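The following pair of complexes shares a single chain, chain A, combined with chain B in the former and chain C in the latter.
Right after this comes the complex of A and B.
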């Protein structure tokens, strides 16, 4: 192993990576914003008492959860413009694809959280004479929200990391700029190490925060 | 626009070969990754800082970065470490095994934690040695509790194997992408590829759920 590392040439081209990072963050942030609402709406469909609504929604969610992200992204980029005859910028397609993927994950999180609200709390609401809407607004929603926030944050990190797959369909995000840079300066190891560390530095504080929230919740429940 | 899903039968053989590669890759990486995961989980629960810290750093690194970049990283670093250029399949196996190790170590750790401290206390009271306690009391119970989660980890791994298409391994995704590009029929080919992944992964998730329910009943939790 007589390889001479040269991180300096990566840092000299830091602006390429910073441009990539800002697009990655933009895509991930937009997808998270859309998917919190999208996920909630899909979760309502999943929890619907009507089979006719529940079954297609379940199939939709399961299809996304049981196929690779890469296949979904390729499908979205190649097939959606063909099938719908709409041609969007790759950035917009990237945001839409990632929002759709994240929505199905968030939907499962919302569904799980609503179902985890203890039955006796709902019974207590009925006993107190609260209307179904009041029970949802004052009992189910606040309790479920506390349960779901850590999962939404974890899914958000997952979406940020999944945004790296968009590099394979030529969206110029962080991974893409990393590949470009490594080809330009012939330093793949150094470049990909720096890119990996950037992903880590963005993800780690959020995952530590999730850990802290979880610990606080466990303590509060004791 | 007209679609002709009949044309996929012409490509059934290469697609099946691609699927075979995907499944083989999943099996190898699951086996190697679980061994690594078990070692990492034991290291993380060790009283020694010297064992604990590197294990924590490894897990955070592999869980905090995209799998795609891990693949590229291993792909370029492995030749340096080994001194020769391995086949791309080997690089893929190494990268995905390291990733699976980080994921399954969390599974094993959760399973280890779920074993009540009274079990440990009872073993100490019975005068069992550390090794006997681990081998006959803790590990068998842990393995049982970890099994359903390990199976769902292997579904995750099966889906992640699609990424090896990016480093030139001819798995299902890569074969599908090549065919779709060369005949210009993405709708038919990519949809078929997605359906094949789904048809394998979905029943597996149902089996895992059933298994989990039976296991929970058996453990009377």
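Right after this comes the complex of A and C.
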């Protein structure tokens, strides 16, 4: 086989991929932002002393953990507009679907971190007169957040990569743009190599950063 | 007769009436605590480990449910029990401040951030005036240059001093100190005790749990010896620390003075 590589034609169409990347980044960033709070709130529900609150939260989390992402995304894109009778742009649906998935993952991380907030810190908050909501907002959330940042970042990269599944429901993100481009220029090898490299280049620094944060924590604990 | 005697005295600052408390069913930790404390008093609580000293302070701070009894503060009903429910008046609670044995500074906030959190969020004070007050107080306790430091950059002694100042920001009418120096390296104990002595000099009422008998003798106007959830001795420091009436207290004081050096 004598294949002649032609990356040049991919780069000539770089703007298609750049558009796709920017939508991917936008969706992933928005989902991450929502899922930091979503994950924290779900964690609080999971830790509620009331079974009536805990049970639905547990079911919610288990649903997302025990079904494939792709099924969740299809379900979300086809069922939500019909069930709720609302029209949302595919970008908004993509953000919502990814936010929910990511929230359940972040919730798991937050659950441990919330439990790790020292009881004394919360007591100090009570002694200072902070209301229950103020204790959650000003003591429990920031303290847990510090513990959980490496996991949030790891989950965040995963969400960015998972956003590629949205190409299957016609969200015009990076993977979708890659497919369009490869069909247009008949260069699947080159196109998907470049697409893969783009995912890598975006994710690698974050994953290196997580590694650095974790090494620093281990050092600090010693 | 006894009634007219009582009403002749001013309302006590703190009045604890027959307080019972258990964490687990059938294992009472406080077994009928009665205490009247006047505004001018500095009460030191001593006693063996597990005797309920911390629990007593936590109950006074309004951090715990109780099984039975009542607490009034400055004449106002503060902790009451109806059936199985404990009602704690949050407004009354705000006039009491507490510093704990473990470090409780909020790690995500710097020193000033720790000090102004409650004044701003609870009392609605402006950041600007709260910060100005914080800086004044820090200066008074020799912590001015630590205003922007984060807790991780402070020594244990500094952390506890900041924790004291944080409680003072809310202008408490009663301060509770639960073994605030026992997690510290020995050479850092004095600086924290110095701050508490400074507050004693300003006549701030306080209840102090400590194992440091020398400090107890210096600061107390009254000493309680607590064991097994009861107040076993209650009197001036010379008496309770010097010539305890009960054998338990005598043994305890002997032992601690000898370990303490």
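One rule holds for everything that comes next: the second predicted complex is superposed on the first by the 193 of 222 C-alpha atoms of A that agree within 3 Å, B and C clash if a C-alpha of one lies under 4 Å from a C-alpha of the other, contacts with A are read in each partner's own complex, and residues count from 1 in each chain.
Throughout what follows, a residue touches a chain if its C-beta (ideal position, glycine included) is under 8 Å from a C-beta of that chain, and two chains touch if they have at least 3 such contacts.
Not measured: the values here are computed from a predicted model.
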item	value
Chain B versus chain C as contact partner of A:32, first or second or both or neither	neither
Greater residue coverage of chain A in the superposed arrangement, chain B or chain C	B
Touching partner for A:16 - first (chain B), second (chain C), both, neither	neither
Touched partner set for A:138, first chain B, second chain C, both or neither	second
First (chain B), second (chain C), both or neither touched by A:155	neither
Partner chain in contact with A:124 - chain B first, chain C second, else both or neither	second
Partner chain in contact with A:24 - chain B first, chain C second, else both or neither	neither
Partner chain A, residues of chain C touching it in the complex	58, 61-63, 90, 93-94, 96-98, 100, 102-104, 106-109, 117-118, 121-123, 163, 166-167, 170
List of chain A residues in touch with chain B within their complex	1, 3, 62-63, 65-72, 74-75, 78-79, 82-83, 161-162, 164-165, 167-168, 175, 178-179, 188-189, 192-193, 195-196, 199-200, 203-204, 207
Residue ranges of chain A in contact with chain C within the complex	118, 120-121, 123-124, 126-131, 134, 138-139, 142-143, 145-146
Complex interface listing, chain B residues touching chain A	1, 60-61, 63-70, 72-73, 76-77, 80-81, 83, 155, 159-163, 165-166, 173, 176-177, 180, 186-187, 190-191, 193-194, 197-198, 201-202, 205
